[in-house]
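Per-chain residue numbering starts at 1, and chain names A, B, C and D are given in the order in which the chains are listed.
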Amino acid sequence: MIAILAHHAGEEKLQAVVHAIEKRGLQAHVSRGMDRIVVGIIGKFDPSFSEQLRQMSGVENVVRISKTYKLASRDFHPSDTVIERKGVRIGGDALIVMGGPCAVESKEQIMDIAARVQQAGAHVLRGGAFKPRTGPYAFQGVGVEGLEWMKEAGERYGLLTITEVMTPEYVEVCAEYADILQVGTRNMQNFDLLRKLGTVRTPVLLKRGFSATYEEWLNAAEYILAGGNADVMLCERGIRTFETYTRNTLDLAAIPVLRQLTHLPVIADPSHGTGRRELVAPMTKAAVAAGAHGLIIEMHTDPDNSMTGDGVQSLYPDQFDALMRDVKQLAPLVGMTL
Amino acid sequence: MIAILAHHAGEEKLQAVVHAIEKRGLQAHVSRGMDRIVVGIIGKFDPSFSEQLRQMSGVENVVRISKTYKLASRDFHPSDTVIERKGVRIGGDALIVMGGPCAVESKEQIMDIAARVQQAGAHVLRGGAFKPRTGPYAFQGVGVEGLEWMKEAGERYGLLTITEVMTPEYVEVCAEYADILQVGTRNMQNFDLLRKLGTVRTPVLLKRGFSATYEEWLNAAEYILAGGNADVMLCERGIRTFETYTRNTLDLAAIPVLRQLTHLPVIADPSHGTGRRELVAPMTKAAVAAGAHGLIIEMHTDPDNSMTGDGVQSLYPDQFDALMRDVKQLAPLVGMTL
Amino acid sequence: MIAILAHHAGEEKLQAVVHAIEKRGLQAHVSRGMDRIVVGIIGKFDPSFSEQLRQMSGVENVVRISKTYKLASRDFHPSDTVIERKGVRIGGDALIVMGGPCAVESKEQIMDIAARVQQAGAHVLRGGAFKPRTGPYAFQGVGVEGLEWMKEAGERYGLLTITEVMTPEYVEVCAEYADILQVGTRNMQNFDLLRKLGTVRTPVLLKRGFSATYEEWLNAAEYILAGGNADVMLCERGIRTFETYTRNTLDLAAIPVLRQLTHLPVIADPSHGTGRRELVAPMTKAAVAAGAHGLIIEMHTDPDNSMTGDGVQSLYPDQFDALMRDVKQLAPLVGMTL
Amino acid sequence: MIAILAHHAGEEKLQAVVHAIEKRGLQAHVSRGMDRIVVGIIGKFDPSFSEQLRQMSGVENVVRISKTYKLASRDFHPSDTVIERKGVRIGGDALIVMGGPCAVESKEQIMDIAARVQQAGAHVLRGGAFKPRTGPYAFQGVGVEGLEWMKEAGERYGLLTITEVMTPEYVEVCAEYADILQVGTRNMQNFDLLRKLGTVRTPVLLKRGFSATYEEWLNAAEYILAGGNADVMLCERGIRTFETYTRNTLDLAAIPVLRQLTHLPVIADPSHGTGRRELVAPMTKAAVAAGAHGLIIEMHTDPDNSMTGDGVQSLYPDQFDALMRDVKQLAPLVGMTL
């Protein structure tokens, strides 16, 4: 940590800063530049002290040198985290594909789709039983019954299942039925939810908040890791920008950046990341080429009649098949195995 | 609602669209342009149908003509909502000021600050007992004990109190102690929390999500209103942009825009909106001039030792006094009474 | 300037950095933290060297401590710049108002509008003779003839005139006719244009690029100042964000921020900053309350038939009159004189 | 084009709108919905009329149905544009690679780099002789002499050359020396420059403005096409977002979107798009997988001593070689030939 003082701060203010640092049991190294004084602070990181320093008279800025997250950092855990569940590995050099509808609508629907997901060679069945919707009058999901259908479909077709959990009180019931719990973009900083997810032993897929920085995202993962749940994967699903042609701007650079900063698996969601069916295939291929550990793709056997309106970004089953074939060809070129 | 078809869509696709509309008991009006066909849809609004249409073959776009929120709309409720609590009115031509620390730290701290808030002529004491923090290792608030201190301070100094609630299970206990419940920026789309807030009769201050559009924000308010709680106020607290000098970009145009679109009171938060103490006074005055119904301002008797680091954006008590005097002069020029 | 090395960089890489610093005639101060090494660099600022350092092996980051602009900085020129032209003062405690149409359309139009601008008590007539338009098929302005009409209108009604210049080769002819030259948002980093404007002695109003940071904006001003033209004013006209209800997001915090960072006058443009007529009055008042030195407002005697489509954000003359009266009342409360 | 009126607009205002439409020789189709009236306008597109309508009393919104650009649209020109220059084809199924330094620094430097570009199997040598720089004190390029060195290097190694042109008056001299003229991100809406580029017969690579929408970008291309120069290619180079870890956010969805909307070749710039050397290879591969027609990549034989500071995003020659090999493997999987 470094504190920067204005050139005109004067000796008294500088000494107050040095004193405050030493009072915390830390060391201060003073460097005097031509128009700024820099004080290096050596010792254990403490965010509240950084903030206190920033407020001291004469201090222009405090620059953090170390990272705010630890357990999520590759410095702390140099090798890739590989999550294993019912024989399926997520992370490392395994490329995983999750497919399915935005929302579970009926038992028949999810069974039909599960059959097509399995047939195409994917590993995980996605489907929301509880749906976060912008307005209160839109379809909000079928609830717990949907979890039961998902579980049955997963078992029948040998697929893992992933479903979204929106509030702490539903974590346990969702964990009972699903193999992976998804945190949606609007809940990335729902800290009570994250804390609760730290207490279970079900893997968590943490979607990036649609305006979150990489650092905030890794800090959100840190909440779960710090609670004792080590099986966290991160999912890039597009950020909000000024461009309105696409639903979001899929930030694929997040993939190589996160592979560098963290040991956790990185998944891409080209469906929400673009919001347009015709862009899903090229962006899926781009995500694989950029080094993603996995993909989560919306597929629906009858997207034109989906209940959430996300049908517009869902692939038809045949498109999903074709895309899986392309991904299989592409994966080995970037050192991944499907 | 309008559906737009490409010029080359052809009669068959057009008829399929018309048929789908009529099957829902709605009317279709077809207009043929030089290179697009426009189908007007007449009847009751239904978001899922709009989404279904968008997915039909040949349809290029579906444009919503009506708004997605109803109870929050000024069309529905033309006169200003005025919230009344213990004789204090929020909304209409009353200008209200809320002041206090980011976080409740101790009983003594909140008592001292409450005294200064009252002395300055403000109406509401703010203070967080539960704090949403980016990382798990930062100070997370003092919890329920802080709510008790707040209540006692409010009663002693004749102030209303406002505090943040982060999760559905704490809504009831917070409503027991505080006069106004605050939903923070990260929870604007925590729909389970919003639904729960619809069931209590305590007024709610709903902060704008830091990347939310006006429409999403009004839809979030709609969740609370639709649950039966009519006392919602909206708080602009800055949005995230590419500019990093300020903590957020305070979007003051939100004030006149919302006064037009909705009947709910509009509050401004220049403290989080800028993140810098020296910008709080000019932006407070700007918010009043733009027509805000209220202000929520961080003030601390010892900001240099605040526990959250938000001290850097907190006014000293004397600055708060001076600002209140300026606001009092300004208010009548825009038709407001402090 | 500070260079930060990873803890595992090793002595050899550190010595290479120190050596590079000393080779440039600068001094290096090394501070060793627990997981980072910080090297302070003391001596004259040199941006290309900062960039070279950043590229050296082992260097994680280089943090600039000093500012990149000098002549525009308040450190360099502590008192407010006051620009004077034909007896009108811009800057300091004088509040100036510029009004007029987006585009000059005809001699009669500009004469009529000038009469109303003067009648309302404003000081400067605005009007574009050359118009930057998104597409090539839109109205591109009337050209040099418009400059002549502007000049005549300014002289007849005792108003200064301001007009936009889009390309270096037109700087001289525009400077011949107009009292102030405007650089539009799309040209804020048209460096050849800025360099050319440094060579004339006509004041320049430099609009903020719609996605420019404060620092980039001040650097753009620095180009003009470095060329020898000291009469630069900065105009906040809204930035691009994800919100589409307003044309732009008017960043009023820019006003107090710039008044702190620079000595140059700061002007606000609530017309382009919102793109909606009904928002111009509240945002004008907010800009004054935030401390603007001036306002540039679109007014048109027949906005419903304006040729550029910006009529939708133009005030009617009576609205402009009423707003001027409000501004006159507001100005003294923030220490300004209209 | 569609005009939308509020339900309470009334018959008189509706008739005024219909009348205005018919006065322009266009047809009006009226559809009355439950709370809005929609007027379809049929006939030739006219942007200024759309704007006039939007300003009429009672009109809530005007929605454009047709596109604002014509020559750039795939509707107008369904097959891919293929630009040919000295036997090199750009567009269609040919994948092209441009490599070289950010800035031309010396004759020796550009010769060395050209040798490595050719050796790696790339087609075009990039290098800036005129450099747009944020501040006036940074290195501004070597000027015309650099163009001569580029030309000589291109001829010696059988490479096309591309260089940036910043101002209309340099278009002719740049066109004399270089095979392709580049318009930088800050000049995407420098309309005088675009118009001038429409008058030459040298291909133009038009970089996306760092906050430009797809539509604005295509309109900028339209300026060049409308001037008579049909050889335009579009280059995605990253947009500005709130994320600061990367220099820009490379919006790879632009590639499939533009391939759909326009017939012009689409190039990706992973160097400026990320600003970090270690991200260039994964993002290059992602761009190829997304369907790019070409790549423009910074490569430098001595990036640690580059004069612009962009060395930090430049590949070393061996990295460039390795990346070319990867691209060669990847291209056929997406139907492209290197």
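Basically, contacts are C-beta pairs under 8 Å (C-beta built on N, C-alpha and C of every residue); 3 or more make two chains touch, one makes a residue touch a chain.
Keep in mind the model is a prediction, meaning the values are calculated, not measured.
Considering the contact criterion stated above, the chains in touch with chain A and with chain D alike are B, C. In this structure chain C contacts its sequence twin chain D using mostly the same residue numbers, the overlap exceeding half. With centres defined as mean CA coordinates, chain D is found 39 Å away from chain B.
As a whole-number value, the distance joining the C-alpha centres of chain A and chain B reads 26 Å.
Here the spacing of chain B and chain C, counted between their Cα centres, is 31 Å.
Chain C has residues 211, 240-242, 244 in contact with two or more other chains.
Chain B meets chain A in the complex at residues 47-48, 50-52, 54-56, 68-69, 132-139, 166-169, 186-187, 189-193, 195, 210-211, 216, 219, 222-223, 226, 240, 303-312. On chain B, the positions that touch chain D within their shared complex are 1-2, 4, 29, 31-36, 38, 40-44, 63, 65-66, 75, 240-242, 244.
The touching residues of chain B, when paired with chain C in their complex, are 211, 213-215, 239, 241-246, 249-253, 255-257, 260, 273-274, 278-279, 282-283, 285-291, 326, 329-330, 333-334.
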